[in-house]
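The letters A, B and C name the chains in turn, as written, and every chain counts its residues from 1.
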Amino acid sequence: MADQPNTMIGKVFLTKLIDWMNPKTTISFLLFLFSTCFVFAKTITICKTGCDFNSIKTAVDSSKSGDSLFIKTGLYKESNIVIYKKSLYITGEKGTVIDTQNKGYGFSVEATDIIIKNLTIKNIEVSYTKEYAAILLFKSYDFVIENITVERAFFGFLVQKSKDGIIKNNTISGEGKAEADSGNAIHLWHCENVKVLNNDVRRMRDGIYLEFGNSSYIANNYSTQNMRYGLHFMFSNDNAYENNTFEANGAGVAVMFSKRIKMFNNLFKKNWGTASYGILLKEINDAELQHNIFEDNTIGVNADGTNRITFTENTFKNNGYAIKVHGACYDNIYSKNNFLHNSFDLSYSGKLNSNKFENNYWSNYTGYDLDKDGIGDVPYRPVKLFSYLVNRTPESIVLLRSLFIDIINFSEKVSPVFTPENLIDNKPLMHKVTW
Amino acid sequence: MLKILKYSFFDLMRSSWSYVYFAFYLLLGIVLLFLNSDLSKAVITLMNVIIVLVPLIGTIFGVMYYYNSKEFTELLLAQPLKRSSIFLGQYFGVALSLSMSLILGLGIPFIAYGLFKSNAIWDFSLLLIVGVFLTFIFSALAFNIALSNENKIKGFGYAILMWLFLAIIYDGLFLMSLIIFEDYPLDKVSLIGTMLNPIDLSRTLILLKLDISALLGYTGAVFKQFFGTSFGLIISIFALIIWVALPVLRIIHKSKKKDF
Amino acid sequence: MVEIVDLHKKFGKNNVLNGVDLNINEGGIFAVLGPNGSGKTTIIKSILGMVIPDNGTIKVFNTNIKKNSNYRSKIDYLPQIANFPSNLKVIELIKMIKDLRGQTNNDQKLIETFKLQPFLNKKLGTLSGGTKQKVNLVLTFMFDSPIVILDEPTTGLDPISLIRLKELITVEKKKGKAILITSHIMSFVEEVADQIVFILEGKIYFKGSIEELKTKTEQNDFEHAIANILTKNHA
C-alpha cells in the first residue's frame, strides 16, 4: 500500500531526526523546517481523471517546494520530468507505471530534500552519447529513492555530485546484449555519504558503480548477471559494503584505485570466465576483507598492486584459483581463512613481497598435529609447482589432477626449487575456521 | 556370446578375486566417508583414486583371466561356437563383473551415507560411469595384450607397462612437450593429447565437473568452447566409446587369426 | 568325412606342416602317430579350426571349414590337457556344455560308465587328474557326433576306466564313426586302431593298416615297426 501523503512528511521528519547527529544534514534539516514554516505544503494528486492533474510533468511544474505528489495507479507515458530546485515528495500508488517510451530520462532532478517512492519506470532510451537513466540526480542532497522498479533500463539511477542520500529496496533490470548498449543500474559519480541498501540489480553493465564516491555504505544488495561488474569502485575511498551477494556477473566485483574499503560478509559466487573473478583488487591500499565467502569462481581474489590488506576469516571454496596475485603486492596478511577444495589455493606471478599467510585452514593440507594444539606440525606451502607451470604454459591446465602432476608437486614440496621458500603458512589450522 | 558371457560372469562372480576387489572398494568407500564425513570431498578423493586404480585392476584382472582360462578357452574352441563370441563373451564377462564389484563396492557405503539426499549424487554417478568406462577400456586392452603374447610373464609385463605409461609417463611426456612448444598455440594440441589417453580423457570428464572454474580461466577460444559448453562432455563421452570400441574390434580381429 | 588337401602351417620360422594330404571317407579308428613335434596336434587342431592353416583346404562333410564354426557340431574332441574353470562343479560344467552345444541324454549313461556320481557336486579344481580326464571323456562322448578326435585319451586313467574307454571306443566305431586318436601308448594303439597315419616332418609318411606297416618296415612287432621308421629317417 502506498503511504498517505500526510504521513509522508512525518516519515521524512523521522528520517531527518535519525540523521540529527550528522552536522551536514542538520543544516538541510533547518532549511527544511524553514521552508515548511513559510510555505504551506499541500498534497497534489495525479491520475487520468478526477485528480488535480492528469500528467506528472504538469503536476511537477506547478508544484511548490515542499509539496507532496501522489500518483495514482495507471500507466503514464511521460519522460524527461524535470524537478529543479524544489523539494518534492513523489510517491506512487501500487501499480503506477511510467513508460518513458525510449525518450530520454524518466526523472531529471536537481534538488535538495527529494523523495521518489513506489514507482515502476520502464523503457529507458539507449544512447551511445547520453547516459539516459530512469532517475538522474544532479547536485542533489538528502534524497531518498525507494521501491522503484526499473525495467528495460539503460541506466537505472544516475547520481552525480550528490550527497547524503538513500537508495533502497529498488529493483533494476536491463536487457542489453553487450557492454556498449547497456548502462549501470546504480551509478554514483562524485558522491558522498550515500547508502545503497536492499537493491536487486541484474542484466546491466555494472550492478553498482561508484566513481569518485566516498564514505558510502552498500549493504544487502543482490547483483547478478551483469555484463561487467556486480559492484565497481573507482577512485572511491572510505566505503564499506556488507552482506551483498554477487553472483554470475561477467567479471565479478572490481575494487580499483581506492583506499580504506571495508568488505564484510559478502558472497561472491559463480563468476566464471577467462577474465572473471569473485573480486578484483587493483591498486588498493588498506582494505579489510572479513567473513566473505568466495565460491565457484574462476578466480576468487585477483590481486594486482594491493598493499596492507587484511584477509581475515574468509572462506574460499571450489574456486579455480582461490587467490591469484600479480605483481606489486606488499604487506598483505591472510589469516584464519578457509581454503576448501580449490583447484589452486594460490598462484602468483612476479614476486610476493612480505605477504603473510598464517593460521589458515587448507583442505589440501596433509600434515599432522601430534601435540593436538589444533595447529599442524608441518608448514603448508600454498603454491604448487603445477600452478607455476600453468602460469608459464596455460594449456597444461588439462593435466590438472593427473597422477604425474601429483608426483611432481610432491617432489617440489619435499625440496622446493621453483616455488618461493618463504611463501609458507607456518601454522596451518587442523580444523575449519568458524565465525 | 551371451551364454559365454553368462558363464564367464558367474565364474568370476564366484571367484575370490571378485570378493577381494569388491571388499577393497567397500573399504575404500567406508574409510573415505569416515575420514571426511563430507560426501562431496569423499567423492573428490575417490575420483583421484579411481582414475589410477581402476585401470590398473582392469588391466591385471583382464590379463590374469585370459591366461587362467586358456585351457577352458580351448575346450570352447572345439565347440561349434564362433571365435569372436567366445572371446567377446569372456571379455564382457570380465568387464561386467569388475564393474559390478566397483558399483556395488562404492555404491553401498555411499548410499548408506545418504547419497540420494545429497547433491553429490551427480558427481558420484559420473564417477561410476567413468569407472565403468575405464574398466571396459582397460580389460579390453589387457585382452589385446594377452592375445598377442603367448608368454604369460611377457603379457603381464607389457600390461603393467601399458598402465604405467598411460597413467604416469604419458602425462610427463605430454607436459614436457607442452613446455617445449609453449610459444605455439597449443590449445587444440593439448585437447587432442587428452583424447589419445583414456585415463586423461576420464580425468577431463571429471575436471569438467569439479574444476570447471579453473578450466574457464584459460583464454583460448577452443578451450572455452570445449569446457564452457556441453561440447566437451559430448566429445569426451564419444571418445571414451571409441576407446572401448577399438580394442574390442581388435579382439575380434586378432582372435580370428590366432592359433591355439 | 574329412578331406585335407595340401595343408601348410608355419609357426614363426618353424615349418610344422608341409603339404599334408589326408582323406578319411569311412568310419573306423585312425591312430595319428609321429615323433614329438611332427605336427600331430597341429593337424588335429587344424581340423578343429583352432589352428588357422597358411595354405590348403580342409573339408568336413564337404564343407570348407574356413570361417565356419557350425561344422564342429559334427566333431567331438577330447583335448590333451583337461583344465576346467576351477570354480565350477562337475555337474555345472556338464550342464554348461550341454547348454552351449545342445541337449543330450547320453551324459547319464557315461557318468554311470566312469563312476562319476560321487564327484558331480565337487568343484573341478579339487579333482585329481584321472577324475578330470573322466569328466573330459564324458564331455566328449555325450554328443554322439560322427567324427571323434581323442588327443591322448588314456592319460591318467586307472585300468578299469581304461577298459571302459576301449569298450566305449569299440561301441562308437560300430556306429560307423570316424575316430582319430593320438597316443604314445603303442599297445593301446595296436589294440584299437584300424588305420595308422604316420606323420613325419610335416607330411604323411604312411597311411594304412598295422599289417601294411609291418610289411613295409619288415618288422613283426608294431612297436619295432614304428621305431624302425624313426631310426631310418633320422640316421
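Observations, loosely collected:
The rule is short, and it goes like this: a residue touches a chain if its C-beta (ideal position, glycine included) is under 8 Å from a C-beta of that chain, and two chains touch if they have at least 3 such contacts.
This one's a predicted model, so the numbers in the text were calculated from it and none came from an experiment.
Located most centrally within the structure is B, per distance between chain CA means and the overall CA mean.
With respect to subunit B, maximal separation of chain centres occurs for A (centres as means of Cα atoms). Per-chain Cα centroids separate subunit A from subunit C by 89 Å.
Here the CA centre of subunit B is 42 Å from the CA centre of subunit C. Inter-chain spacing, taken between the CA centroids of subunit A and subunit B, is 47 Å. Within the complex formed with subunit B, the subunit A residues making contact are 272-276, 296-299, 318-321, 341, 343-344, 363, 389, 392-407. For subunit C in complex with subunit B, the touching residues are 9, 11, 45, 48-52, 69-73, 75, 77, 79, 81-85, 87-88, 96-97, 99-101, 139. Subunit B makes touch with subunit C in their complex at residues 3-4, 7, 11, 14-15, 69-72, 74-83, 256-260.
Those residues of subunit B that touch subunit A in the shared complex are 40-41, 44, 47-48, 51-52, 167-169, 171-172, 174-175, 178-179, 182, 186-187, 189-191, 193-194, 200, 203-204, 206-207, 210-220, 223-224, 228.
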